[in-house]
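Dropping the structure in here first, questions after.
All chains are identified by letter, namely A, B and C, in their written order; residue positions are counted from 1 within each chain.
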Amino acid sequence: MIDTPAQVESRPTAPSVPAPEVPRQPRPERHPEEGTPDPVFRVKDLSFYYGPHQALRDVSIDIGAHEITAFIGPSGCGKTTFIRCLNRMNDLIPGARVEGEIDFEGRPLYGADIRAIDIRRRIGMVFQKPNPFPKSIYDNIALTPRRNGVKKSELDGLVEESLRRASLWDEVKDKLQQSAFSLSGGQQQRLCIARAIAVRPDVILMDEPCSALDPVATFRIEELMAELKGDYTIVIVTHNMQQAARVSDRTAFFTVDVSDQGRVGVLVEIGETSNIFTSPEDQRTEDYITGRFG
Amino acid sequence: MTARRIRNAAFWSACTLAFLCVAAPALSVLISVFHQALPALGWSLLLKRTNGIGIQNAILGTLVMLLGVLILAGGVGVAAGIYLAEFATGRHERLLRFFSEILAGMPAIVIGYIGYITMVVQFHWGFSLAAAVISLSILVLPYVVKTTEVALRQVPTFLREASAGLGLDSTTTVWRILIPPALPGIVSGLIVALAISTGELAPLLFTAGFSDQNPSLALVHHQVPYLTGVIFTDLALPGARAHATSAAAGAVTLILLIILIAVGRLVSRGARRATARMTI
Amino acid sequence: MSITTEVRPEPSVPPRSARGRVPGLSADRSVRSLLLVAALLPTAALVFLTYQMVKTAWPAVIFNGVSFFTTKTFTIGNLYATGTEVHHGYTAAKGASYGILPLVFGTLVSSFIAVTLAVPVSVGGAILLAERIPVRLQGVLGTFLELLAGIPSVVFGLWGVYTFGPVLSRTVFKWIAALHIPWFGGPAGAGQGLLTASLVLAVMIVPIIAATTRELVRSVPSISKEGAVALGLTSSETVRIVTIPFIRTGVVAASILGLARALGETIAVLIISGNFLNAFPHSIFDPFSTMASTIAAFLDSALTDSTGMAVHSLAEVGLVLLVITLVANLAGRMLTRRFSGAGLPVGRGV
């Protein structure tokens, strides 16, 4: 996966089909060097441990509302570990430990009075491999809202709305009762996005959502992200630098720091995507995006 | 070269012989039991009780016990299996699993003996359905626990992640997301438990008692007739008729087992399909 | 991976009003406690059984002392005679003597003969089944194996005492006896005795060992097999060089579990052994007794012993049996865990 800055510069026209017009909320002016105003996540000195092994060291990052932030970096740099800290998915791993601060909408995400369940309802997640439930397409989407107390009469509408937002409605509207596994990989991934949307989250985390998909399906997901950006804050982990360049507003570059203590993931820099890919500040970033490393 | 070929042929002949040694006894058991049962086979077997020339009460008694085992060992075992697979962690998980496996190695006669000393004598339940069902349940509990746990562990992790990522609570995750795909595995475990219960005698010998009456659903103070009891008692009685009744009870037990194994096969085929559907 | 979601009383990031209440969460904790109680029950049952066994056996342990393991006579005494036997402050019926030496001998010897016979037969049969028999037939034969594992021990007893034993004693046993080998000579009997019981036990544990072996043979990586075939080895050499080393530990583990099953087997042995007490069998055709079958055979009369020592002594027999089978099971399970993480229970057939 080698990107050259030249490819990146053509970013505005990167999707060969023009993205459909989506009403977008006006975005505030901002200066890159000042970071993000009104960030959704404010992370300070985050370190993460799997048992005795440290996986992330001193990550500080702000993630802005209604924009797409991409995490890139070589394998093992902790970008997936980091994104899973943002909705406390790592709570599921026995022996996992978080140090440092993550504020979500101004409150500590790991505060003693915060339930991980509530957090995950506010912060949806889409995984590397499409992971629909072994149920019908309809139930995949309706299950969570139903458990969350959405009235039966409102369910049909919610399912349709979520599928439309995930631009899957036209493909599945005649087979809502069929198994989700009857869909193609790309459709399954969009179903998973619809399923996340149906919970009405504020943030959608995507952990390499296209790594198991073919280029056409990948393109549809990227298109979808651009559409969703107006309503949701999106964080995406990707292996594919072109993808980061195409879809994201800001890009964070992680790498592996090898020392006597072992291999630890660190954040190298974060900035406007165009800046990261054209004039990175750090030599390590430049080495990575020009293909000299990783 | 020929020496090698001869050795090869000798090896596979030995294997074939070994296989025949495995298969022949099983065939012989089936043929022998049904052959000995022939004089007693007939509708009266199902319509008359053991004070006549039938075993109706024993069949019903065995079925009542199976129901009891299904409720007790099934309920407790499935719940314990869910806990071990989804909630328990670390040392305490390993300990619980270890003790459950030790329990699986407990000789049946020891369970029956303690069942007699405690439930029948100390608790004054007498020979009874409760004592019999509890003894059988202790015997099969580890199997239900283990098969439930294994069935749940075979459910792919991505479903747990998907569920957690949506903010579903753990109860919903278990009941709505994890149990449905694991169900065939859990059910075939329950069927194995029922098959073991159908054929066991050692834990019942001193807990169930026997009766010529049809079983009632009373838990204590009422003895329960059962199939393996008929096989064992009538085997030792003099006379061709008792001998035939013993074999007939054996034949009915085997038929019950064949039905259970067939159902188990169907269910586990369903289990394989369910797993195939989940791996994309 | 288990789910260890935090359950906290008051969320400070409240769910949006549109999302409404959060059902199921308060139930979450009580459901989990209920499941925990169920998960503790097998352990509780084990502790209870062991405790009751020790408690019931304790008077006998004191009364019998070491002679329990060194004496050959096992009798509950003359319940109608006047006077009693008193040892260490505990009382038993006149003439009572509890020695289990022949029972331990019968248990161990019958089980070891059974395992020795069952292992080669099951391994050979399983290798043939997994490597040579067409897949379509394998399903049928697998079901057959399952049925063999599911045949109740009392049915094996019925078969052994009316079909298998008599046929053997008229044929094979006579031929062996005619050779006049010590321990294998003497009258061939009517088919109730040590050899018949050992053979029936072997038939009973064959499916346990065969089923495990079949799974193991199937799990041998085909790459290794192809490698051997590519070297020009014959199929039997491939089995010897590739398959056998791969499955060895697993087969040993399954054999130990089979041994544990044979040690604890009660009903079939009770029917076929001939229930001979108080002496060692003189030949392999002689009747004998095991610990498990003695418990089953004696309980009825033990209840009539007003001193209670008979019941206590049977409990002590059970305790010794328990210890022996536990050791065998633990050994088998440790090995099982080494070759597979799943460690499915294979103790009791089916």
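Keep this in mind: a residue touches a chain if its C-beta (ideal position, glycine included) is under 8 Å from a C-beta of that chain, and two chains touch if they have at least 3 such contacts.
Bear in mind the structure is a predicted one, so any value in this text is a computation, not a measurement.
Asks: Please name the chain that ends up farthest from chain A once chain centres are defined by their CA atoms averaged.
Replies: Farthest by centroid: C.
Asks: If you tally contacting C-beta pairs for every chain pair, which pair wins?
Replies: B-C
Asks: Using CA atoms only, can you tell me which chain is the most central one in this structure?
Replies: Per-chain C-alpha centroids compared to the overall one single out B.
Asks: How many angstrom lie between the centres of chain B and chain C, each centre taken as the mean Cα position?
Replies: Spacing between the chain centres: roughly 16 Å.
Asks: Measuring from the mean C-alpha position of chain A to the mean C-alpha position of chain C, what distance in angstrom results?
Replies: 55
Asks: Measuring centre to centre with CA averages, how many angstrom lie between chain A and chain B?
Replies: Each chain's C-alpha centroid was found; their separation is 49 Å.
Asks: Where does chain C touch two or more other chains at once, residue-wise?
Replies: If we look for residues of chain C contacting two or more partner chains, we find 1-5, 22, 24-25.
Asks: For chain A, which residues are shared contacts with two or more other chains?
Replies: Residues 92, 94, 117-119, 121-122, 147-148.
Asks: Can you list the chain B residues in contact with two or more other chains?
Replies: Where chain B meets two or more other chains at a single residue, that happens at 89, 160, 164, 169, 172.
Asks: Report the residues of chain B in contact with chain C in the complex, numbered from low to high.
Replies: Per the touch definition, chain B meets chain C at residues 4-5, 7-8, 10-12, 14-19, 21-23, 25-26, 28-29, 32-33, 36, 75-77, 79-80, 82-89, 95-96, 99-111, 113-114, 116-118, 138-139, 141-143, 145-147, 150, 157, 160, 164, 169-173, 192, 195-196, 198-202, 205-206, 228, 231-232, 235, 243, 246-247, 250, 253-254, 257-258, 260-261, 265.
Asks: What does chain C use to touch chain B in their complex?
Replies: Spelled out, the residues of chain C in touch with chain B are 1-5, 22, 24-25, 27-28, 31-32, 34-36, 38-43, 45-46, 48-49, 52-53, 56, 120-125, 127-129, 132, 141, 143-148, 150-159, 161-164, 203, 206-207, 210, 234-237, 239, 260, 263-264, 266-267, 271, 292, 295-296, 299, 311, 314-315, 318, 321-322, 325-326, 328-330, 333, 342-345, 347-350.
Asks: Can you name the residues of chain A that touch chain B in the complex?
Replies: Residue positions touching the partner: 87, 89, 92, 94, 117-122, 124-127, 129-135, 143-144, 147-148, 179, 181, 185, 188, 192, 195-196, 199.
Asks: Spell out the residues on chain B that touch chain A in their complex, using ranges where they run on.
Replies: Interface residues on chain B, with respect to chain A: 89-90, 158-169, 172, 176-177, 180-181, 274, 277-278, 280.
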